[in-house]
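Chain naming follows the written order as A, B, C and D, and within any one chain the residues start at number 1.
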Amino acid sequence: MSEPLLRIADLHLAMRSFDGEAHVLNGIELTVRAGEIWGVVGETGCGKSLTGLSVSRLVPSPPARYLSGQILLEGRDLLRATEAEMRALRGRRVGMIFQDPTTNLNPLFSIGTQLIDVALHAARHSPDILDDAPRGRRRRAARALAVRMLEKVGIRDAAVRIDDYPHQFSGGMRQRVLIAMALIGRPRLLVADEPTTALDVSVQAQILQLIYDLVRERGLGVMFITHNLAVVAELCSHVAVMYAGNVVESGDVRAVLKSPAHPYTRALLAAVPVAGTRRGSLAGLPGTVPSLIDPPPGCRFASRCASAGPDCLGGKPPMVPLGETHQAACLRLTSGAG
Amino acid sequence: MLRIENVGKTFGGARLFGRGKAVTALSDVTLHVPRGQSVGLVGESGSGKTTLARCVLLLDRVTSGRILFDGTDLSRLTRREMQAMRARIQIVFQDPYASLNPRMTVRDTVAEPMEIHRHRLKLRAGGRTDRVVELLERVGLAAQHLYRFPHEFSGGQRQRIGIARALASAPELLVLDEPTSALDVSVQAQILTLLTDLQAQLGLTTLFISHDLAVVRYICDRVAFLHHGRVTEEGTTEEVFTAPRSDYARALLAAMPNPDPDRSFLARG
Amino acid sequence: MLVFIVRRVLLLIPVMVGLTLLVFAITRLLPGDPARLAAGPNASPEQIQQIAREFGLDRSLPAQYWAYATGLLRGDWGMSIYSRRPVLQDLEAYLPATLELVLAAMGLAVALGIPLGLLAAAQRNRWPDMLTSVVSLGAISMPRFFLGLLFQLCFAMALGWLPLGGRFPLGEDLPARVSGLLTIDALLAGDLHAFGVALQYLTLPAVAMSLSPLATIVRMMRASTIEVLHQDYVTTERALGLSRRLILLKYVLKNAVSATLTVIGLYFGWLLGGTVLVETVFDWPGIGLYATSAVLTQDFMPIVGVTLCIGTLFVVGNLLIDIAIAQLNPRARLR
Amino acid sequence: MSASLPRRRSGLRRGFYRFRQSVLSMAGLAVVMVLLLVAVCGPWIAPYPQDLSGAVHTAIRFQPPGPAHWFGTNELGQDVFSLVLAGTRISLLSGIAVVAIGSAVGVLIGAVAGFFGGLIDDGLMRLVDLVLTIPSLILAMAVAAALGPGIVNMIAAIALSWWPGYARLVRAEVMAKKNEAFVVASTAAGAGVVRLLWRHILPNVLSPVIVKMSLDVGFAVLTVASLGFIGIGVRPPAAEWGTLLAVARGNIPDYWWTAIFPGLAIFLAVFAFNLLGDGLRDLLDPKARR
């Protein structure tokens, strides 16, 4: 097995708010290798976006505070990197795409300007991106690269449209531009935070296809953050299910979705209607997510879990290995069982 | 129950200064919602589904064609008749945060339709509160919630309040405008369950507007696809989902992500 | 862009018509006898009747307005009772001084306000920001005429650094009139001495007048910069590694300035209103001083003329600001 | 992304907290309270009430500030402290009156324009644009000159230039709120115009109006003083800060106190209302809370 691209180990993050300090990430574990597409899935407030932002160290602190843990990018601990070192990695080692394509492009600059600046930034640390163009020719080389990237993400007449402004593109096209921007610095890891949530179903399918093709072609590792299990099933090779700041179950997408082990994963799957779900048989999840300020000890899902007992409040349940990559954090599971 | 016949709707026209460009939102839409059934209206953004809902709710007037409710042409109503009709058609909105007045208590919000239609419903002020409690219990809330404000509730609870308000004037037709799109899946499941229960208990007729094909397939008896203001496909849910006839419906169904990893369209190629 | 400018300039026509309507309404529709007002406090009944005939007060209002508007176009802006000259002639004489003062003050306010606001936003909630906030709020609250008096007391009377008032020393030769703005004319004539003198006279009134708009621009710029810093695209720019400097000085600046310009347009009127006060304090021979002296002598037509003139300046100033915004923001050109 | 369930309440609570924490907002509130108190009972607590009705003491002209006359005396030998105290009433009353009239008219027009839209909106907003083309001080000057001197005329003149700001603000807010789901829900339930505006829309647009009002009282006081300084509006002997300053202009630099204290009074009042308004904005306007 290859050296992991990204390894998040026991990451704890606290977020100060007016009501107190919330323990929003409670020991996240996640490993992404080149070529793997990891779906990070969970409901509102489970910490999936914060985990994604942490990989580029973009969570503002204060109010956030890393309590412990490591984020290893190609073996290097990002939590110990300086801001300047982080900047050298952003866009060049980690690319990011966010949810809303209408608000993530700067409206007053042509898309070319924005792409070129990202390319120039990346080329300062790895000149090979612009084929080692000498100083005076870099801008021209960056523009040529930007046109190639736009063509690659499916913008027709890229050489002309590069000077257009964001409002001249449709939502799906803007998301393509943002993908081009995220990948122009040739990162190894792509973090995509709900990149298709704001799009229509047919556009979503195109964007998923585009991401899938680019990932295959470039051998990227991907962290794909979403709340939509069906999208995970479509695109991802692996999945990590998050609940209240914990990864409760992770592993190969077939293993997790076909034989979910953690009660939360099961509940989540039971809540999604599929072809053949009989009317009235859909099961909602009772109760609410516990407050993350002074959370109850032990398993954070215990208050909503049908099979919880007093032992569940004893401490954070350990990950139980269930298969080659499949594991889940529940006391009711025994090793090896699926 | 509800018959939409050849309805067209065009926006824009003259203003005092300058002229707006006319936009056709609906053209020649025909749709039938039988009593006691749930009809899904599926479309992507800009398909005209919200415009159609507004026309049914008497919030907009159709430009051509007509909408018949229980045999009455909605566009020919007098003011008084329109007012009476509003008690019979109600709506639940998508965004549970925007659909409740932040400065009104739950009691006032749910009681408002009863106040407006007090002459028809013949409920005294005290009787109204009792009826609010009854409605709250029906949607899974309780009397203890009466005098709280919307911000004290979660998204799912707010949506329940919105449903209680929609039921307050004892409507026959309920328009559900993406009622679960803003909710997490576990909450969505609760609301869908509530809706199916209510439909069974009250014999409601519903027009369910959504872009989520899976939800529509789960909850609707019939379904219509709207594309660029036209109905491209209409039929029973079973028919449409298993053997779509129009290209648009086929394309949309193919683009719909499937929660079964073995049936991924990417894997299929 | 050219289409945008042409359309905007054409739109000035109805606005100007509206402006004359408004001024007409002030002179003819408010309670009070317009003829008596125009004739001045010491007029004889015959004079009043004479004016009433000229105004055509016995005719219908639309006819009166038509006569008034065509009169304006012909250059008939009424007579000043005090100077015994046509108001338009007086305005032509006094307007350049006001323009010079307004341009200097506005230039100062924009040139200092935008960088200061950006800086305050970048240093948000640290002491330079807090200090800027309080000082700028104080500056906005400062009556400009009082500030002018304090400046005179301090820099002219106590320290003797700068002249107390006026625009140019009596008895010295003025540079040849080209634009009417003394500093510009002096430079055009190559007369550095005169330029220095004119600048000395200009400094105190311009600073006194610019302080409040300067503070407003600082606050607006700070607020819009902070707003822009919270936009999603800034997160994307940071996530893809662009430096804080590049983001702030290129991507954020343009957005924040374009938002601030809209507000500057609204506050331009505040600045123009201030000329009346500041010119009065510093005896600056512009249309503002002309207006206040007219108030003292109850000379009505000059007041009306100045109102119309300042209204026009406001409209033109806002047109220029709109063009600047359209230059920055491609979407604004579509409107 | 974080759970936004108790957002509004804790937002308001945080606002109160921050308002109390903010020394400046509290100071503004305190000064406004004191000024209002002085405005109510100024003439009674003035040490030399006879000076307010125009008494002249030539023997004690231009006394510098001292224990007998805290702010000194003016060219007529009148106590400047008493005059400044008495001026509070006129300045604050006219300022508050201007804002009250301006906001009442502006809210009504803005609400009508925003709610009905279409031709009514077009017409009203063109009127607003028109009035805004003349800076308020200039418009007030012209109108006051046409109406003649007097406090009531001055207030009317300023209010005439004051309402368009409210009309614009309220129109924009009403238009935004009009399309919010809770208003549409009420419309669909059959609510009439009055119920929609009164119960649903206006309560939800009140916050920015209140913030603007508190900021505007300061600027209205400033405008009143400016008109006084130009020589329009209140005439001596009625004590008004701007008029006091205009008269005192001739006395500087030798008798600076006659000018400094009225000027400081104007500054203090405007500053206090601005601080209060700023604090209120933090408290009530979630968009500005950063």
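In this section, a residue touches a chain if its C-beta (ideal position, glycine included) is under 8 Å from a C-beta of that chain, and two chains touch if they have at least 3 such contacts.
Quick caveat: nothing in here was measured; it's all calculated off a predicted structure.
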Looking at the contacts, which chains touch subunit B and subunit C alike? A, D
Could you tell me which chain's Cα centre is nearest to the average position of every protein Cα atom shown? D
Count the C-beta pairs in contact for A-B and for A-C, then report the pair with the higher count. A-B
Averaged over CA atoms, how far is the centre of subunit A from the centre of subunit B? Could you give it in whole Å? 34
Distance from subunit C to subunit A - Cα centre to Cα centre, in angstrom: 53
Based only on mean CA positions, could you tell me how far subunit B sits from subunit D in angstrom? 47
Multi-partner residues of subunit C (at least 2 other chains): none
What parts of subunit A, by residue number, touch at least two of the other chains? 44
Residue ranges of subunit B touching at least 2 other chains are 154
Which residues, counting only subunit C, touch subunit D once they are in their complex? 15, 18-19, 21-23, 26-27, 30-32, 37, 134, 137-138, 140-146, 149-150, 152-153, 157-158, 223, 226-227, 230, 266, 269-270, 272-274, 276-277, 280-281, 291-292, 295-296, 298, 300, 303-304, 306-307, 310-311, 314-315
Contact residues on subunit D for subunit C in the complex? 24, 126, 129-139, 141-143, 145-148, 218, 222, 225-226, 229-232, 242, 245, 249, 252-253, 256, 259, 263, 266-267, 270-271, 274-275, 278, 288, 290
Quick check: in the complex, which residue numbers of subunit D touch subunit B? 4-9, 118-119, 122-123, 126, 180-191, 195, 199-200, 203-204
Could you pull out which subunit B residues touch subunit A in their complex? 44-45, 154, 184-193, 196-197, 211, 213-215, 217-219, 241, 251-252, 254-266
Subunit C contact footprint on subunit A (complex, rising order): 56, 58, 87-92, 94-96, 98, 100, 103-109, 114, 117-118, 121-122, 165, 167, 178, 181-182, 185
